[in-house]
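Both complexes below contain subunit A, partnered by subunit B and then by subunit C.
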Partner chain A sequence: MAGQNRNQTDALDRLNDRSNPRPRIAVHKFSSCDGCQLAFINAGEALLELAQLVDIVHFAEAGPMDPEAAVDLAFVEGSISTPDEAERIRKVRASSRYLVSLGACATSGGLQALRNFNDDGAKGWTEAIYAQPAFIDSLDTATPVAEHVKVDLELWGCPVNARQVFQALRQLLFGVAPVVDKDKLCVECKRQQHVCVLVAKGEPCMGPVTHTGCGALCPAFGRDCYACFGPAENPNTAALARRFEGLGLMPEAVARRFHFINSHAPAFRSEWLAWKQGS
Partner chain B sequence: MDSLGGLPFVGMETSASFLPRESLDTLLEAIRREGYSRVLGPVVRHGAITYTGITSSDDLPKGLRDRQAPGHYRLEPEEGERSFAWANGPQALKPLTFAPRETLWRCELDDNGRLSFLDSALTPTPTAVIGIRACDLAALKIQERHFLKPPYPDPHYAARRESLFLVAVHCSHPADTCFCASTGDGPRAEAGYDLAMSELDHGFVLVAGTDRGRAVLALLNLSPASPDECAQADDEIEAAASAQTRSLPDRNLKDALYARLEHPHWDQVGRRCLSCGNCTAVCPTCFCHAEQDEPALAGSSSEHLRQWDSCFTAVHSYMGHFLVREETRLRYRQWLTHKLASWHEQYGRSGCVGCGRCIAWCPVGIDITAEVSALLESGDAQS
Partner chain C sequence: MSENREIRIEVPVLARVEGEGALELSASGGQIETLRLRIFEPPRYFEKFLEGRGHQEVLDVVARICGICPVAYQMTAVQALEQAFGVQASPWVIRMRRLMYCGEWLQSHALHIHLLALPDFLGFESGIAMAARHPEAVRRGLRLQRLGNDLIRLFGGRSVHPVGMRVGGFHRAPDPERAATLLEEMRAALPDAEDLVAFTASLDLPQDDQDFTSVSLRHESEYPLYSGRIVSDRGLDLAVEDYPKHFQESHVAHSTALYAHLDGEPYLVGPLARLNLNHDRLSPPARAALDATGLQLPSRNMFHSVIARAVEIHEVVLEAIRLLESYRPEEPAHVPVTVGAGTGFGATEAPRGLLWHRYELDAAGKVRSAQIVPPTSQNQARIEDDLKRSLEAFGLHNDDDALRLRGETVIRNYDPCISCATHFLKVRIQRR
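Take a look at the complex of A and B:
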């Protein structure tokens, strides 16, 4: 934890050591659905307010295009899935003082990281899906940004939560390290007075191992969390998986609970492997 | 507060009234006429008993009871027309007095660079809660001791508590997870209510505990409860006590638990525990909270929030750049030894009222009574 703080401080020092009071910001897209960028675009008035505080120099989805511009703060959406992206992320890192991975794809590899578990990488799926697979130039793996370059702040979620993104941004504008709540989803779910779907309905809810941040959206509608925010701190995936088995899930179904949007995250990957082998 | 209803009904016939079942709405109406414009009662929501706004007795559950076990809660049909033939749901009074999230104050920066701090005004709607259990009232008393302790009583807590009119219903249908008889907190509501009732098949035996309660009763013009009705109400409460199979030792466990801080059983629990905080969220006495500031994007104002926290989170033990309790076994140990040991030093009693919520609502079914037995069964100390 101390080492992590040291890294955060270095990145913050770089961000704060700029001549312009209005930071220059870029939003970059890699392999993703663009949904996390919508956290900015859907923000409405807050986006106009943001435009008063920063210079948005690159944000293809919203208009401004200058992908190679040097910026103070870069938000990166998407996983690294192609040779071109592996090259491009290094350039983005080199031209950014502070880099934030935005959402599940950038932070854990995302849904497309499911291919990381194939023996033949992307090949079989590419051939099954595309009419002209020869034109597809994919890496065998889809990996998080942090496996390629140093990431200064990780924001989880599929998609990210706009409130969380703007809170982190505000703290960075103040020049302080953003505090990201890594508690289990249950803590927020119970603040909102939702009835536990695991206890009252026997649903295999992932809330007890999942990183908070969404506002407990799924349990609010009586359905089980599917861990789109990735693993929380100190996740006891083994105990929860045993409980799912107790609820009547077959080992393969238990494994699948961990093998979805954040399958490449180590805590989920190891639990999937444990149950997949048992099936 | 006086509390005649803390005693058995038998012998108290002159003060106990009888409210026929078909007249339950007249009680709700009388409560509203006394100024409690919001009335909350047990309502089935998402498969559990939850305290929700009601407009008439039709909103109450009928012919339902709860089946509870470690990590398990289900509502099932029950013979008869009773509305309170269940033990409890995941929450009762705690969220009404200790808000899960609230703004304590705001800070604003004006054009001259001056900061001003503004109180967050709180004027809670006068609220009546129907169907509160003895364990919930015992927990309320504990939380009052915490939040209202001089010289710095919590004004938000005080305002919310003062706005409540509480109608207790003595428990006649404990769940398998209940153990209030062993902690001395139920199943009879002893104090802290405005009105207390026992539900019988054909109606309710009713007593007032406060002047506010007596004012409501005066509007109803009820007949006295008969000796038979009083005896049946007492019998049902006694049966509810003897039906309980779980228990905690009825003594101060401080020395016994402190002597077992390195007991291997903490590791055993740590392997099962999800450190998800569900036990602390549903516990009616847990009061830990975290405070944080949420600045508006413009950077010229900020809200200071208080929200429920849990000793099972990492940040709860974060200080000086390290976590005091990184491992799950230490988080569970902190919770249990606070609840059952150091609580005695702070508040003069244990922090457990025997409601059993932490057992039922633990996603993996960890049972506080079983863990305590396992810890006490062996170990170095003779306590």
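Take a look at the complex of A and C:
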């Protein structure tokens, strides 16, 4: 933990050491749905304001195009799923002072990391979908950015939201380390005074082990959280899984709750394995 | 400039599209010999993730195919799942789905017109750069985009990967006070939407008529969004489940997106195809604003797709006002669902065009197999066809930068959602 803080400080020092007060930023895309970049593109006036505060030197979907430019701050969306991407992320890291992984794909591998657990890798799936599998150049796994290069700040969420991204960005522009709330979703849900869907309705809600940040949307709709923001800090996944079994879920269904949007995140991966083997 | 010199241009990334693509062409003696739109979207294997998943999981999975049109994927899947289970959604649910879908069209079209397409026609690198010179046009676009996102949020909690839909209806009906606030905002936005139609029609758009087949849904009384039969302007008229009888997907070496053909030929889906086939279904005010532009329909000029998008923005703002005016919550917001084995089909009009799904479910209601045909793979063959013809019409004597910009502009007419892809557009031109 101390080491992690130390690393964060080093990265922040590098960011604050820049010669130009106006930071240069880049938004890079890897394997993803483009949904996390929309935190910027959907920001409306805030996007125009941001363009006054920083130089956006690379952001393909928004227009600026200079993927190899040296930048102070890089936001990376998407997981690493092709040989080309594995090479490209190293270049992005080398040219960025501070690197932020933006959303579930970049931070945990995302939904497409489900391929990582297929018995014969992605190959069997390629053969099932594509008539000519030899044309497809894809890695067997879709992995988080941090498995390839050092990440200075992780922003969880499928998708991340504008508040989360702009809060971190604002703190970085002030030169301080961003504070990320790693609490469980339940805390936010209680604060909003929603009826607990786990206790009151017996739904297999993932809130007790899920990273806060979405605004407790699913419980607000009366449905169970499906953990799109990934595991919270120190999640007691084993206790929650046993509770799901107590609600009447078959072991296979318990396993599937952890084997979804953030299947590659260690806390969820181990719980999935425990129940998959038991099923 | 010589048309015969050998030259090679590489643009590392195609800007202002959703996803990664590349364009390669070789030309000789002023004629294009080969032209390929390459799509590098890393395969994400959605159809395989869906196998073994329950029905609520399906809606949460398919949303993640595309961050810009998640509602389209959820709407199409929910239709197919309900058909497979023999569930009939209530008329209220169908109206509310149409209303929510209006939000997605509004945000997606406003984003495309203002941040992706307009910089081409006004001569800027990006919408952000354009904002300094055309602040009002950009702000109008951002207002419309936000309003579309707010409408999705009303039903789904968030505009990207919303959480409110379920088989049988919605998890919860929107709060009437929030719906009333949104109604006021929609009414206030109506002048923006009307102005946008006239504004796009006043742009100095290239004239380049081409022969192509338009395909879209057609509804008995409404402008097509959530449902209809599949029709073309060459006499095709199909029930949704008969799509595979005439449309085939194939795989080529240079693309991770499958190509779809209609009886072996390229075809167009999306706003211009929809408008060509359904302009008689527009509401009277949208029709009047369109008529005032003097645009002749059907149009054979793909550059008119920016006008078609504006007309559709106007139509969905009007439609959202109409549906919000009569809004009453209904609880529960869904009909009961009994799962069972079956096969179901869904087809809706995503912002970028026809989206088709098929699911086969087992007795426990879990997915046995899934097939998804997104709009961009349907347009891929047409885009290549268009590029070849429009670049020749533009003239290969133009310098490489001008050719590249024209090529990119042509591609952006289709608003390709390659994310449903990734984004390396390398333009490689070889002149021999």
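To be clear about the criterion, the second predicted complex is superposed on the first by the 279 of 279 C-alpha atoms of A that agree within 3 Å, B and C clash if a C-alpha of one lies under 4 Å from a C-alpha of the other, contacts with A are read in each partner's own complex, and residues count from 1 in each chain.
As a convention for this text, a contact is a pair of C-beta atoms (placed from the backbone, for glycine too) under 8 Å apart; a residue touches a chain by one contact, two chains touch by 3 or more.
Keep in mind it's a predicted model, so treat the numbers as computed, not measured.
Novice: With the two complexes overlaid on their shared chain, look at subunit A and say whether subunit B and subunit C clash or fit.
Specialist: fit
Novice: Examine A:195 and indicate which partner it touches, taking first as subunit B and second as subunit C; both and neither are also allowed.
Specialist: Once the two structures are laid over each other on A, A:195 reaches subunit B alone.
Novice: Based on the superposed arrangement, let me know which partner A:67 touches: subunit B (first), subunit C (second), both, or neither?
Specialist: Once the two structures are laid over each other on A, A:67 reaches subunit C alone.
Novice: Counting residues of subunit A touched by each partner, does subunit B or subunit C come out ahead?
Specialist: After superposing on chain A, more of subunit A is contacted by C.
Novice: Under the stated touch criterion, which partner chain does A:115 make contact with: subunit B (first), subunit C (second), both, or neither?
Specialist: Touch partner of A:115: subunit C, not subunit B.
Novice: Classify the contacts of A:184 with the two partner chains as first (subunit B alone), second (subunit C alone), both, or neither.
Specialist: It touches subunit B, and subunit C stays clear.
Novice: A:222 in the overlay: touching subunit B, subunit C, both, or neither? Say first, second, both or neither.
Specialist: In the superposition, A:222 touches subunit B and subunit C alike.
Novice: With the two complexes superposed on chain A, say which partner A:13 touches: subunit B (first), subunit C (second), both, or neither.
Specialist: Touch partners of A:13: none, neither subunit B nor subunit C.
Novice: Please work out whether A:51 is in contact with subunit B alone, subunit C alone, both, or neither, and reply first, second, both or neither.
Specialist: second
Novice: Kindly classify A:38 by the partners it touches after superposition: subunit B alone (first), subunit C alone (second), both, or neither?
Specialist: In the superposition, A:38 touches subunit C alone.
Novice: Could you grab the smallest C-alpha gap between subunit B and subunit C in the overlay, to the nearest Å?
Specialist: Between subunit B and subunit C, the minimum C-alpha distance equals 10 Å.
Novice: Would you tell me the residues on subunit A in contact with subunit B in one complex that are also in contact with subunit C in the other?
Specialist: The answer is residues 222 of subunit A.
Novice: Provide the residue numbers of subunit A that touch subunit C in the complex, in ascending order.
Specialist: The touching residues are 29-38, 41-42, 44-45, 47-48, 51, 56, 59-65, 67-68, 81-82, 84-85, 110-112, 114-115, 118, 122, 125-126, 128-132, 135-136, 138, 142, 158-159, 161, 214-215, 217-218, 220-223, 226, 228, 256, 260-261.
Novice: If we count contacts the way the header does, which residues on subunit B are in touch with subunit A in the complex?
Specialist: Where subunit B meets subunit A, its residues are 45-48, 50, 71-74, 89-91, 95, 100-101, 271-278, 281-282, 292, 294-299, 307-310, 313-315, 321-323, 326, 328, 360-365.
Novice: Over in the complex, which subunit A residues touch subunit B? Could you list them?
Specialist: So the residues of subunit A touching subunit B come out as 1-2, 5, 46, 49-50, 52-53, 166-167, 169-171, 173-174, 179, 181-184, 186-187, 190-201, 205, 207-209, 222, 233-234, 236, 238-240, 242-243.
Novice: In the complex formed with subunit A, which residues of subunit C make contact?
Specialist: These residues of subunit C touch subunit A: 11-20, 40, 42-45, 47-49, 52-54, 56-57, 60-61, 64-68, 70, 107, 111, 115-116, 119, 124-129, 131, 138-139, 142-143, 145-146, 149, 157-161, 163-164, 166, 171-172, 250-254, 256, 258, 419-420, 422-423.
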